[in-house]
């Protein structure tokens, strides 16, 4: 019974369904703790929260240690981005937080622990990976849209500077205002304000909305078509029958017949 | 003429087109009664409404009894979710409503009677079933989006707590505020308020909008691709010709020829 | 030269490219007249407008008469919805407008003359026909969405009646408010108002938004898939090669060979 | 070493990867200069900006000269729209700007220099070209939507003229208001205002929203289907195998067999 090495025993534990559920439960619990903390709670309860938080951190430390020891090749452990993420979360959680500035970071770290849910549940990991895989496709479209945004922001902050400093004061503020216009958020208020000075400034807004909407539409369609084609490609590959008899084989056999007839003659 | 059993007679009645139309008409009528009740009406008219309502309830009781008796196997009747729904609606409608708190529920039950339209019209039933079938596909995406929402809500209520208690007071309120931001509903007002304290908080909002929009986009595309592939699969199945002659058969016949020639020699 | 009948001459005129362009030009001109009328213009100019308007009406009368006479079978003329539309527009335009109430209708008729653009330009006619063809597909989905709207409106006007009579006063007003919520137009203002009385009313709004958004999404995807499948069907039909030699023919020829060998033996 | 002509040397330089990166870097730098100018900067810094701007202009002049000299056929240089765009940008940048009115244009020219990014990076050039290629597909749909907008604007400015002159004053203003309604931007405020006078004017807004949303939806779906079909067409073309043996060839060989047998008899 004691023949199994520690590593094998930990591997067993790690792959155990109950252990997995316990990890998920602890993550949900730590998420709830974070949620509860946002309410006004009595100092007593806050102390309890503190100890619970420490408990969660120690459990995560234990879990990651088990995963590390259970790993056959220690090097491969840090090849997975999720393992590095989990380790960093635990290390930062363990750091003593007294300084108020670091407390700021400490709180963020505790919140990001909820993301461990994604690293634990395989379906979510696959989903996130597929999301990340679609990102490079968007790269050049986002660059093109940024150039469009930048040009409009430069024009906007050049001409509307004096009208509303809060919306068009400098190029960064103008970029934010244009993003607001793209989401249609009170964009007419922004427009009517500048139309009082430049009556034809509606051309600026309408052309911007048309160009960005059109570019966005094309981007979406482009991605849909890409994803579809990949799927079709896969479907075609899977579909291709491996024919048991080909026309070439039939031709060969007919030629054999001919040869036989010729020798027959 | 009286040879038909009661059950068979009721089955006939139930499948009668006029009876079906009568049921639909009564449901529309009951919907109109609900609509009329929302207007200020004289007490006299209200009493009339009450009696009409009772009439509708009794008609529904009659209709469901007919359906139940007409059913060959009584057990199968409650296997259909729609039959259970219809029965519950009738039972709750029959309950005497005096207590003001139950009156609340009674009113809701009467409103949900409109949903019986879906249980009666087959096309709507098919439509709703196909909607429900698409739900599980969304499951993990919704979980992922909830995790993103939860993390942002935790960050938001931690840092913006003091700025606007009504928007960021606790994590539930912050979740609602973030949903509002996702629908672009006056999201700049929310942002400008926090930017007055944390000038870089626009990063929080823009990253949130980009992440949720991107995740949502991927979800939609994923479902489109899924539905498409299923359709293609079906189309391919239906398309596959059952060839009357195969290459294999031709090969066999050619081989027979060879054999004949060989015996000929 | 004068051998051609009047009908044939009119057919020639009607199919003449220059005549077609003249009709389009007159329609654009009449649209501009309608546009100019919305500005404050001097009475002198208004009189000019009146005469121009009469000129347009007479030209349209002439054009439709030419089309009618040029038609080979007079009965077929009124089989086209567009011809009926054009005729009605001309008839209503010719009616003397003195009564202020009919003047209301007269103005509308003049505006709808712009729609003649669609009846003249074939590409637009095709486009509109394809739009109308997609409508029945939407029928049951719109019915389902209306049922959802109706149920929510009944609940809303029952419970929120006392909170804001202008938004939830009766079921029609509530339906309009829900449409507003679906377009995300200041929906949080509507929600915060009711949340002050019923703290859990956010459930009402969020469930409504999720259900309608989800139903809408499914509808759009359904139409895309439908249109796609139709296109694929057409592509497949067009693609099917008419094979010059079939496997069946080959089989026949091989069997003939066998027969020849057998008689040979 | 000096055997290479100036043209060949410049071609080499132009195709040099480092030179390309330098051009991109200078464009980004000029974009940053434009961005920095929107901030309040000291006059000293402004003079520096002026000299930097001149430097960028001279660099662009140099770069375009190199490209022009490196071109084998001078005529082909101006066949590319991007080369014409680059040349015009440089020419306008070189013009002395003293007059305040031309300064206006000068500023715009400097901003449009950012667009040179698109002319330099091939991926962006391809992306923009594909966007422009999709434009004609939209042509007739945009015309149809403009006709719908025009009719609604004519109705709107006719009837709501007196209610709010700023929104419905004339047909141009009404078109802008309708565009606002289509983006759902505070459209209920516009509606409630007219509903106070014409209680049934919600029909006007709802029908407009349904028609434009429906037309837009159809347009998007139409484009998706078009793009998809083109892709499929291409995929099919690429897929078609060039069969090494056809059924026709087999038939020929079988017929040869038959002929042999017949001569055999």
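Which chain is which? They are A, B, C and D, in the order written, and residues in each are numbered from 1.
The rule we apply is simple: a residue touches a chain if its C-beta (ideal position, glycine included) is under 8 Å from a C-beta of that chain, and two chains touch if they have at least 3 such contacts.
Quick caveat, the model's predicted, so the values are computed rather than measured.
**Student:** So which chains are sitting against chain B and chain D at once?
**Tutor:** The shared contacts of chain B and chain D, listed by label, come to A, C.
**Student:** Can you work out the rotation angle that lays chain A over chain D using Cα coordinates, in steps of 5 degrees?
**Tutor:** Copies differ by a rotation of 90 degrees.
**Student:** If more than half of the interface residue numbers appear on both sides, call it same; otherwise different. Which is it for chain B and chain C?
**Tutor:** Chain B vs chain C: different; shared/all numbers falls short of half.
**Student:** Distance-wise, how many Å sit between the C-alpha centres of chain A and chain B, to the nearest whole number?
**Tutor:** Their C-alpha centroids are separated by 29 Å.
**Student:** Between chain A and chain C, what is the separation of their C-alpha centroids in Å?
**Tutor:** 41
**Student:** Which chain C residues sit where two or more other chains touch them?
**Tutor:** Those would be 184, 186, 224, 228, 246-247, 250, 254, 257, 261, 264.
**Student:** Looking at which chains touch which, would you call it a line, ring, star, complete or other?
**Tutor:** ring
**Student:** Write out all the pairs of touching chains, ordered by chain label.
**Tutor:** Listed by label, chains in contact pair as A-B, A-D, B-C, C-D.
**Student:** Which chain B residues qualify as touching chain A in the complex?
**Tutor:** Chain B reaches chain A through residues 140-141, 143-144, 147, 150-151, 154-155, 157-158, 161, 169-171, 174, 184, 186-188, 202, 206, 209, 214-215, 217-218, 221, 224-225, 228-229, 232, 236, 246-248, 250-251, 254-255, 257-258, 261-262, 264-265.
**Student:** For chain C, which residues are in contact with chain D within the complex?
**Tutor:** Spelled out, the residues of chain C in touch with chain D are 31, 34-35, 37-39, 107-108, 111-112, 114-115, 117-118, 123-124, 127-128, 130-131, 134, 176, 179-180, 183-186, 220, 223-224, 227-228, 231, 235, 239, 243-247, 249-250, 253-254, 256-257, 260-261, 264.
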